[in-house]
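Some structures to go through are shown next.
Shared between the two complexes below is chain A, which pairs with chain B and chain C, respectively.
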Partner chain A sequence: MKKWRVVLVSVLILLLSVSVFLSGCSSKTKQESTQPQTTTQEAKNKNFKVGLVTDVGGINDHSFNQMAYEGLQRAAKELGVTVNVIQSKQMTDYVPNLTNFAQQGYNLVIAVGFMMHDAVEEVSQKFPDTKFLIIDSEVTDRPNVSSAMFKTEQVGYLVGAMAGLMEKEKVGKVKGTNIIGVVGGMQIPPVDSFIAGYQQGAKAVNPDIKILINYTNNFNDPAAGKQMALTEISQGAEIIFQVAGGTGDGVIKAAQEKNVYAIGVDADQSYLAPDHVLTSAVKRVDVATYDVIKDTLNGNFKSGIVYFDLKNEGVGIGKVNKDVPQSIIDKVNQLAQDIKDGKITVSDKVSK
Partner chain B sequence: MKNILKELYIPVVAVLIAIVIGSIIMIITGFNPINAYASLFIGAFGSVNNIANTLANAVPLILTGLGVAISFKAGLFNIGAEGQYWIGAIVGVWIGYSFSGLPWYIHIPFALIAAMIAGGLWAGLIPGLAKAYTGANEVITTMMMSYIAIYFSHFLLEFGPMMEKGGTIPQSPIIKESAVIPFLIQNTQLSYGIFIALVAAVFVYWLMFKTTWGFEMRAVGYNQRAARYAGMNVPLNMVLSLGLSGVFAGLAGAVQMLGVQHRLYDSFTSGYGYTAIVVALLANNNPIGVIFAAILFAALGTGSQYMQLNAQVPGQMADVITGLIVFFVAAHRVAEVIKGMFAKKQKKEAEA
Partner chain C sequence: MKEVLLNPQLWAATLAMATPLALPALGGTFSERSGVVNIAMEGIMLIAAFFAVVFAHATGSAWLGLLGAMIVGLIVALIFAWAAVSLTANQIILGMAINIFASGITAYLLNTMYGFTGTPTDTPMLPTIDIPGIKNIPFLGQVLSGHSVVVYLMIIILFISDYFLFHTNLGLRLRAVGENPEAAETAGIDVIKLRYLGVALSGILSAMGGAYLSIGALNSFNPDMTSGRGYIALAAMIFGKWTPFGSFGAALLFGFATALSMQLQNTAFSKNIIMMLPYILTILALVGVGGKSVPPAADGVPYTPKK
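Right, the complex of A and B next:
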């Protein structure tokens, strides 16, 4: 009796594996037949291989991994380069993942996020012929590493100014408590540069404004973000800037619930709550990724730090809420122009 | 021999069924399972470097897995191995970078032993004593202590006492050369830590199955009342087994820091402490089985990275397979319960 059951199970497993094998073969032939004809330029681009290694956030983080991925996809579509992605599961995966790409002859390997700093330093030394791009971290002493840094304080300044002006003119959902807030993920430089700009921008247009700053100490806990935002709202904040990745989704939820405004970060987050997202401080990781791929493809790879700011559209404000009057938008655009012209310089240090 | 086969039967069948169901899911979602499993296997074991990386990932899983297995054997559900890992990592790194001038044969054991003591106290002192003398549920206390440990590391690293001086990234300084456990194979993540893990597994096996103390711990786990009736000190055994469990989780943290990462990064979770529960479950709490279970899950981890690269299958597929394995290991218990009920019913019918 027992024996029969074992036999039955093994036969089933065998059958399944055979079916798996057969279907595997059929899908393989399909792949091969759809190869398009290519000209030499296209062939050259196709031979240019770009690998992207995400950090542990993964490509659906609504944030920089996702945007880097979008930039990569755009490069594949518009430039015809061959692209590939590995999502890291844990921090110890960074070195093997970067190494794998380099070993397989990828021309450009992109590391997303400052957490990969040490891994890039290590791997780039072993593969001097491979080009590397790291986003959000400074690796300056390697001829084959380019570091994309974002002047996020500039866009922080613009959204801060917009929030300050909204409070000053009491339009839309703003009742005029003259209090605005920030929910930060962690007290780390990439977060604080946004907050620093926000402070300076708001104070520049509205010197009496009060700014509440709190950190949730994580980037992946929407419940904590919501709680923090609700606390700030109860203290009178009417516009809350979230600089907290996935945690920030909760901030936007809270704004929606209490009918106040939230400001999105990194990506254009207007779609999350069109009526309640005032605008977004967008860090165009996709632009940076695409630009560096394009430059490298054309033989213009630049090592060292490459800054992305308002001037080269590496940062910018996202979709603006319909409640914002044109006069405010004009003023913010003027400020953006002043920053581009160097009339205003924005510090990236948060003042206490 | 027959016993070994019987012990192997359930995990092996669970893994096989998981692989078969995994391939069905891949076919449905349009991936080629043969390619996927082939690249999963190559990624995990295809070259010396890949094997080394797999083993490197297995090291922390073996050690945390041993810790969890000890507590499970003693009938205690220590699910806070993650926190004990962090405490071990913190102490290991701190000793690693703050003492200079020590020869390696003092520095490394000093860091490891201190981390073991710290991990042991973290698990044994509060959750252990609370369980033994007040009956506080160790599932809750170890879990909560785990959060405390992780947030403590955030405090230390984010502009706290352990943050690298002059840096802007929240991470500890790099440990001194004398504290580094050297790499066993260059250009991989595999350090001599693997031997520490293997020795630890053999040691735990000897301790649990060949000593009186191990027998007492198992007896307490098997039946507390009988153990007490037999004159064993039940509360003491509880504290000791939870403490010992923490010792190995703490050792895992230190070995990972000294051998692989060389500094502590600000992060939400290492993940090892949670995977350790699965490792212990699949190994049926057998210390030698833990080695193989840890290698299996490590292989799924490293292999899945390679699978993304060469078969374009999302890495989450490896997580799906992990989940399926856990499900079927647990389900065999369910199956036994159903079988038992069925048998009873049949017996009754036969009597009637």
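Right, the complex of A and C next:
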């Protein structure tokens, strides 16, 4: 019996280490140059190492972690830099994961998500020679940290206006309850900025519209997201904007089952349910990730805040459902132009 | 408040949110009644949720997805039983190890098998059932009819579980093993075999709970999508005093708290307090508000046969 226990413990330890290793390094991308002779530039790029630490949603969240990963992949392909990913399993992983890359001499470490603010502040101080990029949070007092901020209230405004116009004109699957909804992940600034814009956009085109706002308090529970959406549908909502990462998959499923519309977030989520996704409020985390990698590679790393908005196409509307009439699309495009021109300013605070 | 309580969605959501808790809670009842604390149910649910999608997509049949998930759940449970029962390993540590492993391996397999865009969108879903007769009754029809088939399977399993545990010979033996394994062995009962049975049942039922999340409520897998339901199921089982109907009742209560918090967020109350409801209830359950819960006497204690 003794011997078996030793075997058991060893097997368990092995399994655990393998699973931790696998989940961490699952996305390691080997860069193999197709050309037999590498120029010095290529060698330099290859030696430039970029590490990406995802938030707990992981790179399959159909959402911002996935977008960051896409940007990273593009950098690997087009710039030839060496890239690696660690997926955070829980919030306590942030510091060790960031430290891991910094210790291994990575040139640029990317932290995906608002929740990593404190971890980035801590780790960036310990490794002043490593450059960091944090997405969705402002770290301003470090010379080696760049913060990518998205004016998502602007795109929230546009999808809100589209929803408001759909309700006003009662087209497609909309019957005209004049109620729309939002399912948010957590009540945090990067979620609320979308919702704030959505409120203002919908009210601007349809002042009497009622907007239901609920949060599920997590980003990885699609079953709860589905029930949350069904609850809003039972309260009359006909278009539901999901700002909830992986939880939002359930929102789109609910819309599909009850034959109403959902609005996707972060990535273009039209492909998840082409008939029932009205459009998506796209946040180009991939563009931000790629741009900062490129700038850093070329020695143009900028600390402080870099803004991504409608103007520089850091945010925008995704594929629009075929049910949306051209007149509504035109109006939304006009609003987009007005925001770009500064004729409309959108607040990022949710009003009660 | 009245319109909240009269909204059929509140009660339908209660049932839908209770199902993925009730199934592992029923499973846990078998396991703990036989004397094994199976906190690996969370991990088994997650692995099963993933393999439900894999089998459903590969075969094109959600039913085979469910079956495959249950077989995978059974295999993981048997590995757990081998270590916990035959090798008398610490059940809590073992359970945690499986849970951490489950989280890592599913995330890894998801990426390697389907790439980072996630599980295929054409994965079949288990059917929903409209109950003839009840379907057309206002309110009641909206609450009870039209759920995923797993919800109704759960109700059937609930009755079978209660009958098995309290009205059959085998059920009596299973309980005896969890109360006093020495005495049971003296009476000629094979303690080890029955503990394997208890754990195996918990694995199969947890797997059904996991499959409900991935191919019952949805048709996709997300990393860590079980969100601690395996643990809440344990709390439900304790609140339900290690009985099938008690566990089901507690699962309904937790489901109700979640559904209610969803309904009430748009009212004047503070959102944050409303969202705490299910967790406050869990704590109340565990400190014994529902009356004193006495676990099976040999629950969690490994047993080495005397001969």
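Keep in mind that, in the parts below, the second predicted complex is superposed on the first by the 315 of 352 C-alpha atoms of A that agree within 3 Å, B and C clash if a C-alpha of one lies under 4 Å from a C-alpha of the other, contacts with A are read in each partner's own complex, and residues count from 1 in each chain.
Here, a contact is a pair of C-beta atoms (placed from the backbone, for glycine too) under 8 Å apart; a residue touches a chain by one contact, two chains touch by 3 or more.
Keep in mind the model is a prediction, meaning the values are calculated, not measured.
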Between chain B and chain C, whom does A:87 touch in the aligned arrangement: first, second, both, or neither? both
With the two complexes superposed on chain A, say which partner A:217 touches: chain B (first), chain C (second), both, or neither. both
Touch check for A:228: first (chain B), second (chain C), both, or neither? second
Examine A:318 and indicate which partner it touches, taking first as chain B and second as chain C; both and neither are also allowed. neither
Could you look at A:187 and tell me whether it touches chain B, chain C, both or neither (first, second, both, neither)? both
Quick check on the superposed pair: does A:57 touch chain B, chain C, both, or neither? Answer first, second, both or neither. second
Should A:69 be classified as contacting the first partner (chain B), the second (chain C), both, or neither? second
Show which residues of chain A both chain B and chain C reach, each in its own complex. 16, 20, 23, 27, 56, 87, 89, 187, 217-218, 220
For chain A, which residues are in contact with chain B within the complex? 9, 13, 16-17, 20-21, 23-25, 27-28, 51, 56, 84-93, 95-97, 99-101, 104, 114-115, 117-118, 126, 137, 186-189, 217-220
What does chain C use to touch chain A in their complex? 7-10, 12-13, 16-17, 20, 83, 86-89, 94, 97, 100-101, 103-105, 107-108, 110-112, 114, 116-118, 121, 213, 217-220, 222-225, 227, 258-259, 262-263, 265-266, 271-272, 275
Given the complex, residues on chain A that touch chain C span 1, 4-5, 8, 12, 15-16, 19-20, 22-23, 26-27, 56-62, 66, 69-70, 87, 89, 187, 212-215, 217-218, 220-224, 226-228, 230-231, 233-235, 246, 249-250, 253, 271-273
Would you mind writing out the residues of chain B in touch with chain A in their complex? 13, 16-17, 20, 23-24, 27, 30, 32-35, 49, 53, 56-57, 151, 154, 158-159, 168-170, 187-189, 256, 260-261, 263, 265-268, 270-271, 301-302, 304-306, 308-309, 312, 314-315, 318
